[in-house]
């Protein structure tokens, strides 16, 4: 006991000598750790924390000749906008953080980023993909998350290929269902813009929005059923995907292509819906753990993540959170000082290797400093999980269309 | 009941009122308020004004509304639309938002003949229907992706005094309503609608009037809220939780009393801010417990509790 | 035509759930004249009870009905004894009872938050996605089962009220508590039992809806408002009235998609609630009491 006590000051002193002499770089963030987005808020937290631990373990950031540790002040915004704003205010003005990382989901980010812009604090987020956020002419917000519009476009590009190969009818009738949020509207725009330019290859027979956290999609699906469409393209968050698809299956619906936008291969969904009911569902995501098949940043990340979190595989949420934090660190090192304006300029000019599909991360001014990396399409297949089927250079499997389940 | 008779406020009360308002107005110059506490107080002012106005309906008239978020949202979006449309001074936009909210409140006219629980339930229905309709009305509210206003740092700073001014006005109005013929008529309606009607007090007219006034004030706070946050979204502005907040602030502070809701709002905002940072998952339940406690043991809320303590004090006893 | 049958079938399936949801609320109001604003909270609690029993013990939700109903009954008895009993009755108790039970709802919501987090949950069994082919359309097996329970339970309660001593006592208290005291009926006991029964029904409704829809601690306000619509439309405790009203609400909600965008159909119930309240302000809850 005595010995332990006498060792304590020594240990502290050592830690002080080993650790950076300079005060740490203070980064603040809020995440929805309770409330409707709590699950995903937890994923983002994992990504952020991993990035911070890695840097500190490696002795901190090299900032203008000295090593500096990084500290993260993380608060819970309870998935509500007013709270996300007030807490960002608190982080900047009371906790005096140097930089901000973003929360999750578009409407919280749109509200919260106003604080960052107001006090001129660089704000990097990987959780708000709506283009609207980046069309306000803000100079301090940076998005590592590509626009949802691009997801719709990528999906349609793959479908084009299948149609040209004669696997899907031409013209094909589409049911387009989108959640009434900025996310859903972007998806809708991506798909319908593509349809408009397709010279009659597609018609949109159902174009309906639904409320986030919907209870009952029976009537909506009834409309889809009556319209006798070929392609079922929806954009939903996870709980709505589960509720809607459960009703979809129970109503005996089946379409040649089925997609719920970014959802489809989640473990939770497969458990809730049953493996056989989610087969052939197509999903487009910002990142997939399968990108680790080739050596590179994705593989490094997956290995580090598995080592830190008991062998669990990360999803795109953790990857984008991790990448956002890493990008901030890179910019701070490039700037060589803990200065908001200098870091902002480095971020705006950034062109850096990343774990995102496409490899390079930049924040083009033409897109309001939102990254424009491609999506990867995955398809749930009966025996091989959910391989990447598009784009071809990273594909780990071959996509199937039309859905072989129909007509069984 | 002598119509038109309005007792002047006792000088001591007037003096106290003046000192408090002036003191709060001067506070940012005398003490080192951090930007964060400055902003927090601004938010508290907006909540106080809303709670006081809710109390005109829920306390003075006894019509407990679970739908005041509807007026808050209408005020906020009308003000935001005006601010987006052109160079209009923000206070004018807020005022217009308030007017629109007041007119919108008149739309509730048919439900005002309902009393007690029926009225409350109808307000839940109206509040939720309003939220859905406005979320769907994209051209006006921007739909679920909301509206962004240009950022003005000065505005957020100055809102402190605008908010304080609004509170000063609404608090004075509360006192005047309570101590005027109007207040007595409202009390009569609250106690017994039919008897009040027999005495020639038109319940419908006064209820319309009070609901519109209360809605207008809440609408103005909605407009200021929009300016403060620079981004508003219908699901949040019209949300049921916001309606609940008005009820909680007023009831915890002391429903039907003149300044109880003020007290309730201060406690609500401070507790909320503290709890949100440390125990975000606890705050609603704590308010629920407070509500239960207050209804069962102290219907006048914190005000009632304060009065009880006050009477125990020796000098108060001597004065009585 | 096929579309019409589809919609009609969905409406009927939904109506069973609505009837179960509303019957408890109507019963409590009919006897105690208290609007149970915590009704939505109890529905949410019932959903979680079923979810826990299914997740932890692997109990099929339909086998856990007796457990959930029993637990909800006890919850109701507790609510009555600890909270509702201390309220002034009659008109004066109106706003107070509303706020009190609302406070309890917040506590329930928060408790669920702390216990189960805010994530959406649903009860999924092996037959959640099964369907039965009927009338040329697919009918979800779960929904059919919910309809079955939704029809049987109110009928059972009706029989209880009609043909047992307890039932007669409850009806008598509903009509005139004062004279019941005179003839030696223990009115407090009847109140306790009625509140328990009404709450038990809400718990059951929660369990049933959890097998179809996703839920989280914030769930229940929509269910509460729908229950109001049904009670106000259908009259108090009348099984037939409740059934018809539930069917009307379900039909209007489901068929609304034919004339309006899907997003707005959620508002239909709320608008109906206000309309019904405004149009029938006098005999709000109908004049028939528990018959």
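Which chain is which? They are A, B and C, in the order written, and residues in each are numbered from 1.
Convention: a contact is a pair of C-beta atoms (placed from the backbone, for glycine too) under 8 Å apart; a residue touches a chain by one contact, two chains touch by 3 or more.
Because the structure is a prediction, the values reported are computed rather than measured.
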**Prompt:** If every chain is reduced to the average of its C-alpha atoms, which one ends up farthest from chain B?
**Reply:** A
**Complete:** Counting C-beta pairs in contact for B-C and for A-B, the higher total belongs to B-C
**Asked** When the centre of a chain is set as the mean of its C-alpha atoms, what distance in Å lies between chain A and chain B?
**Response** 39
**Asked** How many angstrom between the C-alpha centroids of chain C and chain B?
**Response** 33
**Request:** Give me the residues of chain C that touch two or more other chains.
**Result:** 113, 222, 261, 263, 266
**Complete:** chain B residues touching 2+ other chains are 132, 135-136, 281
**Prompt:** Hey, what residues on chain A touch two or more of the other chains?
**Reply:** 34, 180, 211
**Item:** Parts of chain B lying in touch with chain C, wherever the complex brings them together
**Value:** 62, 64, 110-111, 113-118, 120-122, 124-126, 128-129, 132-133, 135-136, 240, 247, 251, 281-282, 284-292, 295-296, 299
**Request:** Could you please specify the touching residues of chain A with respect to chain B in the complex?
**Result:** 33-34, 75-76, 78, 80-83, 85-87, 89-90, 92-94, 106-107, 110-111, 114, 117-119, 130, 132, 136, 180-182, 185, 211-212
**Of chain C, residues touching chain A in the complex** = 2-3, 6-7, 10, 14, 113, 117-120, 122, 124, 126, 128-131, 133, 137-138, 140-143, 212-214, 216, 218, 222, 253-254, 256-257, 261-263, 265-266
**Message:** Using the touch definition from the top, list the residues of chain A that touch chain C in their complex.
**Reply:** 34-36, 38-39, 79, 180, 208-211, 213-216, 218-220, 222-223, 225-226, 238-239, 242-243, 246-247, 249-252, 271-274, 277
**Touching residues on chain C, where the partner in the complex is chain B** = 35, 83, 86-87, 91, 94-100, 102-107, 109-111, 113-114, 221-222, 224-225, 228, 261, 263-264, 266-267, 270-271, 273-274, 277-278, 281, 284
